[in-house]
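Structures for review follow.
Both complexes below contain chain A, partnered by chain B and then by chain C.
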Partner chain A sequence: MPVQSRKWTRIPALLGLLALVALAGPGCRQKLPVDEGTVVIALSGAPSALDPRIATDAYSEQLLQMTHAGLLRRDPGGDLVPDLASSRESRSPTEFVFRLRPGIRFHDGRELTSKDVRYTFEWILDPKNRSPHKAAFDKIVGIETPDRLTVRFRLREPFAPFAAEMTRGIVPVNTAARGYAPPIGAGPFRVEDVEPGDSVTLARFDGYFGGRPAVSRVVVKFIPDSTLRFLELKMGSVNFVLNGIDPEMLPEIAKNGNLVIEEAPGSNASYLGYNLKDRFLSDARVRRAIAMAIDRDAIVRTLWKGKADKADSILAPGFWAHEAGLPEIPFDLRQAKRLLDEAGYRDPDGDGPAVRFTLTYKTSQNALRLRIATAIQDQLRKAGVGLDVRSYEWGTFFGDIKSGNFQLYGLTWVGLRDPDIFHLAFHSKMVPPSGANRNRYGNDEVDRLTEAGERETDRGKRKRIYARVQEILARDLPVFPLWINRNILVRDRRLAGFTITPDEDYSYIRFMTVSPPAPGAAR
Partner chain B sequence: MTRMVLARLRQAVPVVLGVATLVFLLIHMVPGDPVDAMLGESAVAIDKAELRHELKLDRPLLSQYAEFMTGIARGDLGVSFRTREPVAREILSRFPATLLLASASLAIALMIAVPLGIAAALRPRSWVDLLCGTSAMLGLSMPNFVIGPLLVLLFSIQLGVFPVSGYGGWRHLVLPALTLGSGMSAILMRMLRSSLLEEVGQEYVRTAIAKGMSATRAVVRHALPNALIPVATVLGLQFGALLAGSVITETIFSWPGIGRLMVQAIEARDYPLVQGCVLFVALLTVSVNLLVDLLYARLDPRIRHE
Partner chain C sequence: MSSGVFNRMLRHRGAGAGLAFLGLLGAAALLAPAITPFDPAAQALDAGLSGASAAHWLGQDRLGRDILSRLLFGGRISLAVGLGTVALSIVPGTVIGALSGFFGGRIDTLFMRLCDLLLAFPGLLLAIAVTAMLGPSLPHVIFALSALGWVGYARLMRGQVLKVREMEYVQAARATGAKPLRLIARHVLPNALSPLIVEATFGIGRAVVAEAGLSFLGLGVTPPTPSWGSMIAEGRHFLFIAPHLTLAPGIAIMLTVMAFNFVGDGLRDAMDTRTAGTTAVRDGR
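What follows is the complex of A and B.
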């Protein structure tokens, strides 16, 4: 029996929601962070540690660029220049002497001396501290502090990449390592508040030796979802995102009157990796054919919306060790097919659906990478090569790449600081777990050259060594460098003065200024 | 009553131990190496070996398992590989956010489900019922990663009422709680409606109406309490799931809860943290179910836990 009711039941929930909206309403046009001179940065992930001695992930390093200072730093062109040090000299290839600037203060007012420098590196080198950076400094046999402002490093053998590692942040003597209680530094901003997994608030350090930053407060939010980063920017609750906005959302950003898009060359090279132990891919002709069958221009134009530059090396063209005269591998389907025929893999039915052979292509779960893999799959099919695209959770994917359980894969080199990468990635002794020669490449000349490059301290000579290495790699093609993504900054119109460096250095936040709102401007 | 609680707690021990064993095996068998995650690729082999030794990862799996289990017995969940903080502290620092979100979602779900469920049951096949049914279908079939951004578009971008994401005041709570609560309310509403309809047909309701009580009153006062038992079961299960952290909603709204912590731990192959999180969630689920069982006795005096 249906129950009859004359009175209609109200819907308190909806009313409750309306009440909430009404309650929150008056505050909705509240002041934006930019009105208070605050820069709000969105990073795509949370840092694992805010300690320069143990942090390795990109998010941690980016935060540390704002809070800590090292002996050296990189200028916008990527060259090493003194930072905490006022000068550096190398009396012999195994000895580096740094003079500190006098009067540098840590965030708590303590003076930074040579003892702090020695402590920081000795801490890293102490095995019981399990620092991931130990290997980078293991050529050090002694650190001496002849006086308060002088530090002398002695190395076991000449090691050119040593200077590039001297950008690591210095912490005060006797700083314990604790995850969420970050050690203080001598950088332009000090950590004011840490909300694990949510945000870090930085306040400017008035005693910063490089001059007080103009921005009084920097909030770094961790927002993993790219749509939400976009919406936060649109709202104005985030006003600075470097490389966190998907290319296809940029047109929408451009329509927003409060936001500005800036673009500059980047340094992270994406590449196609070949397994040289594979029965098809051990043949250089097959590797070249695959490279020639990939229409990089089309992928850059459509999937990256033009925000990438074709690569010819894993080093970016702006980097000092990049070799300029490398031959370009053109998109040439006819030549690709001819090379495959030559290698003995004839297409059974010409341009028909049957393939010469099928390869597995592994990639991470990133949606854009997966779309790129699908595009490559489609392009290779036109050359008669079948591609089986598989996407894995990162740990599994990376584990497979290192153990050699792959035929093709797509990856990106991030944070290349020194051409010594060629030793790590292409020396025959550097097959994982010893190094990062994931492709199982072996070439005597490359072995010899990359060893010499580590010992050679003269930059001109080093450049010539790595030019030769890049020529050999362009010929042998153990990896096919695809493209280098451009650095894209989306910022509030009123924030100015940031320099986009190829390696995304956040320390330039210290030069930013906030201009007052234009009269009558409304969001 | 006390005996029942004790018995249930005894039953929970094998469940929790089973979960602990399972998660231990799973996380150790999944490919990926915590040492690589910590030291990076460029670390030299000897450092990796040293670290592997220090973390006791070079020992046989059985001995690692024994160590893990004795740790649990002592109440020690170990230290996170990644942040070097005690696992228990990591979890407890994230749990308030998850608890807050779960409670708020539950409150919203009830605020929507109870009135609408009653309204639908009062007039089955009327336009109210139809509307509720349709919106419940919609709520059920729309995944949180669609509802979330839609709510943000409406309330943050268009109306500018609530912040887009993050953790802080009550404003931050509304949208994620609404996202989780709306999906949950759809199930609860349908559950309540069908369970109420069954009760409404009973003689005692008819008697109440015949004696002059209004239909609404008869349903709310007499039928509703009896219809709540199946609803409470579903509610308990869903609340337990909410306490485990909603990975998708927490990610969308950058909510620093257990779900995101667990995903980050898995990505870094932070074995102690993954094990600790799963164990914690298992304990919570068991406790919530126990609470629901106790609630039965209050809802239906005929149920006695002797």
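What follows is the complex of A and C.
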């Protein structure tokens, strides 16, 4: 029967086709960035400027860590070590001499000399350039360049945080424009392409003085939505995300055979800020009562899935200036209610719905922050304190915090690298715009101590000064340190060699390698 | 609405079902405090993202709050915004449209150019700007959505009045010496209202969606007050591990808007003078 025989001849043909498809399958799959040796990083926001002289936001700083180099840098332990400089010496507490390594080149091939270093800092110090970093360097009274490789800084008075500020990236001489383009530096990667608001493509700089990076190309994508970051990681179009995946999604990530989760200690400190000029919050008993009514263990366990540790200071426990043994503020609802009663705010109906008073809590529109705010709202209600949670877009929110237009707010200190933060954030003269004393805190002893801490260059003595500062702050509670987040890296299995530092230093991308795909592997 | 229209509407496939659903929803929203098993704001952090259970029929959200209770309380917000917005839009819309159409001339030019100007604004964008400026709250959302909402009613009313004012019975009343305001109130308005009522039903549906959009963007009600839009916004981060957080309010919005649209369709058919066989239009021809 001709029809039937035709049917039978079709089967081997079909099987052959299936085999072809099966064989072709893995080879036909779309090529991913990792297959081409490209690292694709997702950041949660776009940088404001790729110019180390004016950038202040975390995203800009993270990009600049890959493209620019400073006189000093931090090693994985957080200690300052020479970078562009081959040596540094301090002949007196007010004089610092840096000797540059010979033969360092900028991305455009020009040699980096002492003139570039002087130019960078003089540009920052020039008032007409309105650099936000000017205050950090205003102790400088003179920058001298005795020869091509030597820079000498003279300070008005001893200033301990000076060395920490010397990590700022150096730009070539005569790049006058704010946010000059292309943003040429002397870092391990050069900027190849910028898509504003979308991505920046970096190519490895073959002439980098620290050795050619192994990865030829790094694409940095700006993806504000955490769900999108998660999806792109799963698809493989992004292969490196540091602290950008919601804790709830980590079990889903762990199921993906191509992705690896790494966890390391962090230094980003979340805190509850009080307005000390507020009629309720000027009373330390009210501040303490609010702190005691917040069940941090529950929030860390559930909303952070344990990826954070309760804090007793805005400095992380691993940091040298952190004071161990500060009194912990326990979760104690009874004591919180007693303190509020003492302060004269009695609960009109006991445990009923009426509240002692209502405060406004401001937060950004970040979903996790808003969720935490809602959890705190529920917890404070049990102590009889009403909370009106308001979330604003970042610019409005941060503007309100700086101008003092708030009662309570939730915020995170990112990248704390020097205990001089206590001067910036708690000295009575540092109310914005001069500094970051957003809580309008004033304490003569803290003023004196933080000033002394800036002048003291001996680390042991500085530690003792800041220990006392932390004790006073733990008593006065101008802010309530909530928790320190752990650093969570999600990366493609084939990427290796990155060191997670507590301050999320992206410069270690230069040590990363991409291994070839395992034979027969398919996504 | 006469009982004839109502009966005709009920015969419309969908309108009856829509009306029944809305009746149920209205009752549930009204009685929410009495019938919901849990306080919609009560948290149980450790039970976050739990699925459906005997106690929590629709599961629990990230903060462990009962989704069913939040859905019913959220229905109050949606219905309040829908009805509030339409009420606040239809009154000025009707008055302006009627005056414009009846008097014509400069009044008409002035009002209609104003309408053209306002129609040039993208509606939701203006609502976003208004709520962002005034701060998120329920009255602000209603105000923001009504700020432009009246324009459509005004134009519709004007068109109707232009048609009705030329009818013989209006001309007759005018000839007997009736004053303009009496003419509008007694003879023109009652005969021009039907399309507006139909349009209002669709308007409620649109306002429900707009409120969900604003709440999704964080510009609606403030936490912990539940609203369907904010429930979707909170749930979307867990779309892959707990889709029920978004599905429940999503389906609620869909069904509610569909119900209002069905009722609107039914009303239109029931009130349509051509299919209903009233003589008003035939007389005018």
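FYI, the second predicted complex is superposed on the first by the 491 of 523 C-alpha atoms of A that agree within 3 Å, B and C clash if a C-alpha of one lies under 4 Å from a C-alpha of the other, contacts with A are read in each partner's own complex, and residues count from 1 in each chain.
Rule of thumb we're sticking to: a residue touches a chain if its C-beta (ideal position, glycine included) is under 8 Å from a C-beta of that chain, and two chains touch if they have at least 3 such contacts.
None of the values given here were measured: they were computed from a predicted structure.
Participant: Applying the document's definition of touch, where does A:T227 land relative to chain B and chain C: first, second, both, or neither?
Facilitator: Both partners, chain B and chain C.
Participant: Examine A:P127 and indicate which partner it touches, taking first as chain B and second as chain C; both and neither are also allowed.
Facilitator: Once the two structures are laid over each other on A, A:P127 reaches chain B alone.
Participant: One more residue to check, A:A298. First (chain B), second (chain C), both or neither?
Facilitator: It touches chain C, and chain B stays clear.
Participant: Applying the document's definition of touch, where does A:S48 land relative to chain B and chain C: first, second, both, or neither?
Facilitator: first
Participant: Which of the two partners, first being chain B and second being chain C, lies in contact with A:A203: first, second, both, or neither?
Facilitator: It touches nothing on chain B or chain C.
Participant: Which of the two partners, first being chain B and second being chain C, lies in contact with A:A367: first, second, both, or neither?
Facilitator: So A:A367 only meets chain C here.
Participant: Could you tell me if A:R390 is touching chain B, chain C, both of them or neither one (first, second, both, neither)?
Facilitator: In the superposition, A:R390 contacts chain C only.
Participant: With the two complexes superposed on chain A, say which partner A:D378 touches: chain B (first), chain C (second), both, or neither.
Facilitator: Touch status of A:D378: second partner only.
Participant: Is A:M249 in contact with chain B, with chain C, with both, or with neither (first, second, both, neither)?
Facilitator: A:M249 sits against chain C, while chain B stays out of touch.
Participant: Looking at chain A, does chain B or chain C touch a larger number of its residues?
Facilitator: B
Participant: Which residues would you name on chain A as touching chain B in one complex and chain C in the other?
Facilitator: 227
Participant: If we count contacts the way the header does, which residues on chain A are in touch with chain B in the complex?
Facilitator: 1-5, 7-13, 16-17, 20-21, 24-25, 27-29, 46, 48-49, 54, 56, 127, 130, 132, 134-136, 138, 177-180, 195-199, 221-225, 227-228, 231-232, 234-235, 237, 393-396, 398-400, 402, 424, 432-436
Participant: Spell out the part of chain A that touches chain C in their complex, as residue ranges.
Facilitator: My answer: residues 226-227, 230, 246, 248-249, 251-252, 298-299, 301-303, 365, 367, 370-371, 373-375, 377-378, 388-391.
Participant: Note which residues of chain C are touching chain A in the complex, please.
Facilitator: Checking each residue of chain C against chain A gives 41-43, 45-46, 48-49, 62-63, 135-136, 218, 222-224, 233-234, 236-241.
Participant: So in the complex, the part of chain B that touches chain A is made up of which residues?
Facilitator: 30-33, 36-45, 47-48, 50-51, 54, 80, 82-85, 93-94, 108, 111-112, 115-116, 118-119, 121-124, 128, 149, 152-153, 155-157, 159-167, 171, 174, 178, 200-201, 205-206, 209, 214-216, 218-219, 251-254, 256, 260-261, 264, 266-269
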